[in-house]
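Okay, so chain A shows up in both of these, paired with chain B first and chain C after.
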Partner chain A sequence: MKKYVKLFSSASFVFMILLTASCSPESSDKTRLRIAFAETGYGREWLEEIAVAYEKENPDVEIVLDGNPNMTANAGPKIENGRDLADIYFLLETNWQLWATKGYLEDLSDLYQMEVDNGKTVEEKLIDEVVDFGKINDKYYALPWNDGVTGIVYNAGMFEEKGWEVPETFDELIDLAEQIKDEGRGIKPFTWPGQYSAYWNFVVYGWWAQIEGIEGMREFFAFETPEVYKQQGKLKALEAFETLIGDQSNSVNGVNGLIHTQAQMQFANGLAAMIPNGIWIETETEAALRDDFRMKMMPLPTLDGAVEPNINNTMLGDFIVVPKGAAHKDIAKDFLKFMSTDEMLLLYTEKTGSPRPFEYDPTQIEGLSEFVQSCLDIWKNSTNFYIISKNPMYFANDLNTFPKSGAPYGDIYLGDTTAQQVWQGDYDYVVERWDEFKEKNGIED
Partner chain B sequence: MRGLKRFTKFSLNFLVLVCMFFILSSCKKRVEPTYEDNKTMQIGAWVAPNIQKDENGDYKYITESHYQDIADSGINVIYALYEAFDFNATMEALDMAEAAGIGYYVRDSSIGSLFQDVFDAQGEPIQDDVDADFELFKNRVAAYKDHPAFKGHLIFDEPGAALYDWLGLYHQYYKEYLPDKDFYVNLLPTYSSIDQRDDRTYGEYIDEYINKVNPEFLSYDHYPLMLFYEEPVLTDDYLFNLELIAEKTKEADIPFWLFIQTIGYTTISGTQTRRPEEDDIRWQVAVSMAYGVQGIQHFCYWTPGGNGNESFTTAMIDREGNKTDLYEAASKVNHEVLNYDHVYLDFTWEGTMTVPKGEENVNFRMLANNLSEHERVKDVDVEEDAIIGTFKDSKGNDGFMVVNYTDPALDKSNKVTITFKDAKKAIVYEKGFKKVIDLKRGKLTLNLESGEGRFVIPF
Partner chain C sequence: MNYLKRKVKNIKNGCIDVFNVIFRPSLVESHYKKRVIKKKVFIFLMLLLPITQFLIFFVYVNVDTLILSFKRYDYINGDYLFVGFENYRTTIRDLLSLEQFKTALINSLLFFPVTNFITLPLSIISAYFLFRKVPFGKVFKVIFFLPSIISIVVLTMSFQFMFDPIFGPVNSILNEIGINPEGGWFGNKKTVMPMIFLYCIWAGIGFNMVLLNGAISRLPKEVIESARIDGIGMYKELTKIIIPMIWPTITTLFVIGTTAVFTIFLQNMLLANGGPSGSSKTIAYIVTELVRSGNLTDAATIGMLFTFIGVPMIMFIKRFIERIGENVEY
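Up next, the complex of A and B:
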């Protein structure tokens, strides 16, 4: 009898456990895919919707999102030390190449060969110019995240009201600046964030690429010799900036103290007609824009002597990686393949207003704003310029566009330096350190 | 038989003696530990008053009054920034620091690159070049090396590891000539990029610094108070960074110093830190003390100018030389620490317990060696996440730094109840003030305010 009581008790215990288990929330049976992402100007709605679509097709997967504007900095210590890892990271430009060479990242070469739609692989679907973006030593470790459109954004309503023409050449831009000052009743041609003067890279790199052409820019970013710092395109682009913004009357007073959001507010409030910026400005300023405010991106005005007049500086650099130590690497790759389908690419652009660097036509999306439409037209109809370098001296940040001066725009605006001095200074700086940089990065002759 | 009786008697007597001994020793009077006031916490600050001149050509802000304000705030060493290229400003600042009774780290561009170009192709120093630079060094520092306020040099901020051979050589000669001065170098945080560290993991970056530069102390920065759009958040790796530094410096038997975020800044890449308030400052100090920090440093005292990539809020003093609310806030916290620094500094850090409430804190998840128990602690109960730094003093007494580990911006208090083994009383330092509290069955309850930490010595 005792034995039966004992047996009954044990059976009841097992039954209770089974009952409890069956009452657990559904999510406990699912594989949780953790996605960490830099939550910046593009928001999070795009990822929430893609996650829902993926979960619908994969009911055994639950996607957990961890967004934070500071994610790029937060991710570094985790990826490098294998602590508290997410399965996928969407991050802003940083030197992920060193993570790859250190062995912290999962090899994504198999993802690049996965078939997405219409028999095309991920690799075949990527825009030709960016296929090598994620490649280190013949393996793929990263996928490009955002493509982009940057340059000069203008107040379209103001332009129409005042009868100002969108300039096609640099000379016309200078004339327009004078016209705005004459007719604008206090409106200045430009506002810009003096505290983050690197926003002018969007424009200056574009002019540089116009003069040097795509091949010239590839040559520059290959950094095979310090002589690339003698490129005339860089000097001409800086001189154009100096002519335009070295004239302090072309900017709102006190521009040197502004951060990006303050400059964007000045632009939205009509204090200036133009601002150097990118395709994300609309999402970033959405809450502050009046309903009747209209803006557009202008094709970058062409410099004299341009060999490639129709340039869009994409500022490509944001990327996606899967850590080597991630718990669910296969599902992570499957999710990234899913994100590369036409349907998800269109959803991405619809929610962010930004294209991704894949072969698809985002201009077909209905209901896009006038601003996004103007950006996508530029993206579709321009020669898109992508900064891609495979040189370890670039990964290590020893070499970049302005290695000595950093972002030189504030100093040029203030008259503390000249375009010529910046250009010569960078060249001299690199020549002096060339052998040291090569040795440090293990580059042999 | 008589022998057996005698043995029994002897045994009984012995037993009584042993019992008496244990009874007496259990009745011993518990003596309150005391500490001689002979140690001072380094409280440093980045950015001394700037070098702007007035219409008469006099330094506008390098004045007795501005330097007295620094001393009054509890800062005992101020770090030069703008004076690097202005020798007269350096000499004036040293005089003002002396008058205020504080130390001053000189930043001198004329010695900044010495010993850099003395290495041959194999990386070996060329002795003639080293000797020549050493002579230059001695000549250049001669003007101020004996100045009473001269405490050392700010040599380099956030170097990559590729500079360690140079820094190591420089340090060796520096100490030969200035043995009692600080060769001050500040290292990068864990969230630095791998290229900033010259291709080293963070652990390698720290190890190599200790091995090659052979420092007397290790200083680093980590600014944890972030903004997620308008919402406050903390960096995920604040404790991870502290744990790693605390362990490596303990192993090397050197103290570590940490920067306290006393300013807000944003960067072009989207990083947004928030401008701290008083409890944010108190929290950073308490958390770093829970890991055994022996020097705190404010970033910043004087508000620095921005550059093309980052922008700053005001710090303790604005750009025009006016005190801000952060002056009062940081001063208050500094003086709280200075009230019991001699006690705290008598203790040596042994490890840090994390006590989560509910779902584990992301900062706790990143730790590798956090303690879950301590031999002196029977039980801990918390309302919110807490950390407890564990220490031993020079006489073997236990000490505990108990900190409310919630983001101070959320303004959450935290009732922490610790049951100690073998303790009737506890000394508790609450915002710098000492209290002696009777414990019932070893139980101590601390109602920690947002951002607060208390140092506890049970006895």
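Up next, the complex of A and C:
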């Protein structure tokens, strides 16, 4: 019996060794580059194709993809404890500054100086406004991932069928909402995800930027004084929202309890004519859309008193990082440089429908959908507004656009608060805590 | 004959023992020592894993949390700095002054009566009826226990779907009789918490019921049978015999139910994302949000603050409940 036990144990041990060897990341001659990415609205096809193109140019590299909708939340603990790390992470907006200052991220300053094509460096190829996006304490630790187009998406087929005009001003938008309710036979002007009411940030920030202009928005996000919370643009934008959505008849009943996919389904099923959303909605709802369903992004209707009427709120925030403990940091940087070439940028847009914040012309791509084309036209012809703050009070989440209670849209919709109360409440909250926040974040006068 | 054989065997063994003690003392000693060492190694190995786990996941985590609650993160120097009781001062101020914190605190505290005074009694009644072998008892047992074995994500999704403002079948029925809250069941501040409580009761009964059913089925049959011969009714049987005899299990469930006040957040997150406008957040929900945003120091402070409140509170409740019921031994 003992003999058999010994034999079995030895066989198991040898088997385990062989199994471990076969699972080893370096078992083949090729170097494996592991890329982890948030697999959300843009899908994974873009990365698969870029990976194939990179492997073709670098036959000694094999790219392994790890996509997951929850990657942003999952990546944090891995980056912090340095185990089971991917070489590159593509993540949605989160506090990467914390990882950078704790020393968990690779310094990408040399990547920014690498030549991409036509002698231009990555830094020179990036849109001027976003160059400093990934910079903290004078070093670059992140690269911006997506640029974007956000605002109001409308059911183009429905609009044409009913003869509704795309509004150019806010007053026209209000008139249109009335017209939809009168002529739409139960169709409501808007559906939106009340559980993620921050989707209205796409529209409200745009109106705010129209009133304050790009300089005014930069001043706000610099957070040098609490007086920025007295900006009239914020108040006017919230008042516009209050006029539009504070009237509950303008939304599908029950919107306040919906998540984004439910709201998108209502829009796709024709229950509402418009939805606040972004350029990713088409890929995100692709499987649920009827073949004959047509939608477009409308240029944001202009508020009275706008100093910058033609605004696109990009909602820039998604980013790319290389962990300090990554196994193949140089190849990771080379891959990111490769992704910044014109050819790969065009491929990215072709597959995702989204631009990246680089100097290139994605409108030249043939075969784009009507929706993506409408978004890219807005991106190309608008003043793009990027939220970038270098203030630690912003990273630490002590200050943001609505610091007192978060996105106030649900409360305004339900009539529990007013635009004026939100605006004044945020100002009072910040004034009371200003010195405390500064001290807490090590900011000296 | 057998008796004689046993006697002979005993004498033989006795002789061998005497021989060993007189002539082979070193052999016996070494054998004894080996046994003691083996025993110690066995005990050490058995305790190694739980003690290591306790030291890492309890002692280290809690001590680290306590230390973090006295620090703040400096983004400029990339290090944590000691700030004394400053985090406690600001957290207590915000708890008392900010509407969102106050709402979260009230929501958390409401789980105490819901889990202990609604879910638990319903679980006891359900477990008793199943014990009494009502018709289709086994089917009911599966139905009640099903929520405990299905993933909470799936369960919350199906619960949400039942009350969906457009497609929900339960919502449609309620709509027909004129019950239709503005903004939907999970989008209205007045209905969102009752809906979460309803879910917790629905999903919680099964878990409690399994433990209670096990406790009831272990009761001595003679006691119950003699009571029934004496003509005891169902109400008296439950309140005078069953409940007193399973009181230790009820005490355990009561304590577990009380800890929900400080730990529950997943149900609120999956059903309503803490909304509308933060009206369904709990204290644990806020801690989770802070951790996700990287604000570990504030999260640690809130955690410690409620540990200081929670531990004595739970200890007091446990003692109080144990005193109410008699310690029945059988």
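A few remarks follow.
The rule we apply is simple: the second predicted complex is superposed on the first by the 418 of 445 C-alpha atoms of A that agree within 3 Å, B and C clash if a C-alpha of one lies under 4 Å from a C-alpha of the other, contacts with A are read in each partner's own complex, and residues count from 1 in each chain.
Note that a contact is a pair of C-beta atoms (placed from the backbone, for glycine too) under 8 Å apart; a residue touches a chain by one contact, two chains touch by 3 or more.
Since this is a predicted model, take the numbers as computed values, not measurements.
On the superposed chain A, the two partners chain B and chain C do not both fit; they clash. In the superposition on chain A, contact is made by A:A396 with both chain B and chain C.
Looking at the shared chain after the overlay, A:G213 reaches neither chain B nor chain C. When the shared chain is aligned, chain B comes close enough to touch A:R83, but chain C does not.
In the superposition on chain A, A:I259 makes contact with both chain B and chain C. Contacts of A:Q248 after superposition: chain C is touched, whereas chain B is not reached. Looking at the shared chain after the overlay, A:N70 reaches chain B, while chain C stays out of its contact range.
Once the two complexes are overlaid on the shared chain, A:G325 sits clear of chain B and of chain C alike. By the touch criterion stated above, A:G157 is placed in contact with neither chain B nor chain C.
When the two structures are aligned on the shared chain, A:G103 is found in touch with chain C, with no touch to chain B. Residue overlap on chain A between the chain B contacts of one complex and the chain C contacts of the other covers 73, 76, 94-95, 98, 102, 195-197, 257, 259, 395-397, 406-408, 410, 440. Chain A contributes residues 38-40, 68-70, 72-74, 76-78, 80-81, 83-84, 92-95, 98-99, 102, 193, 195-199, 257, 259-260, 395-397, 406-410, 440 to its touches with chain B in the complex. The part of chain B that touches chain A in the complex is made up of residues 162, 190-196, 198-199, 201-203, 226-229, 233, 235-237, 240-241, 266-272, 306-311, 362, 365-366, 368.
The residues of chain A lying in touch with chain C in their complex are 73, 76, 94-95, 97-98, 101-103, 136-137, 194-197, 248, 252-259, 262, 266, 271, 392, 395-397, 404-408, 410-411, 413-414, 416, 436, 440-442.
If you check the complex, the residues on chain C that touch chain A are 72-78, 81, 83, 86, 90, 98-100, 164-166, 180, 182-189, 192, 272-273, 275-278, 292-295.
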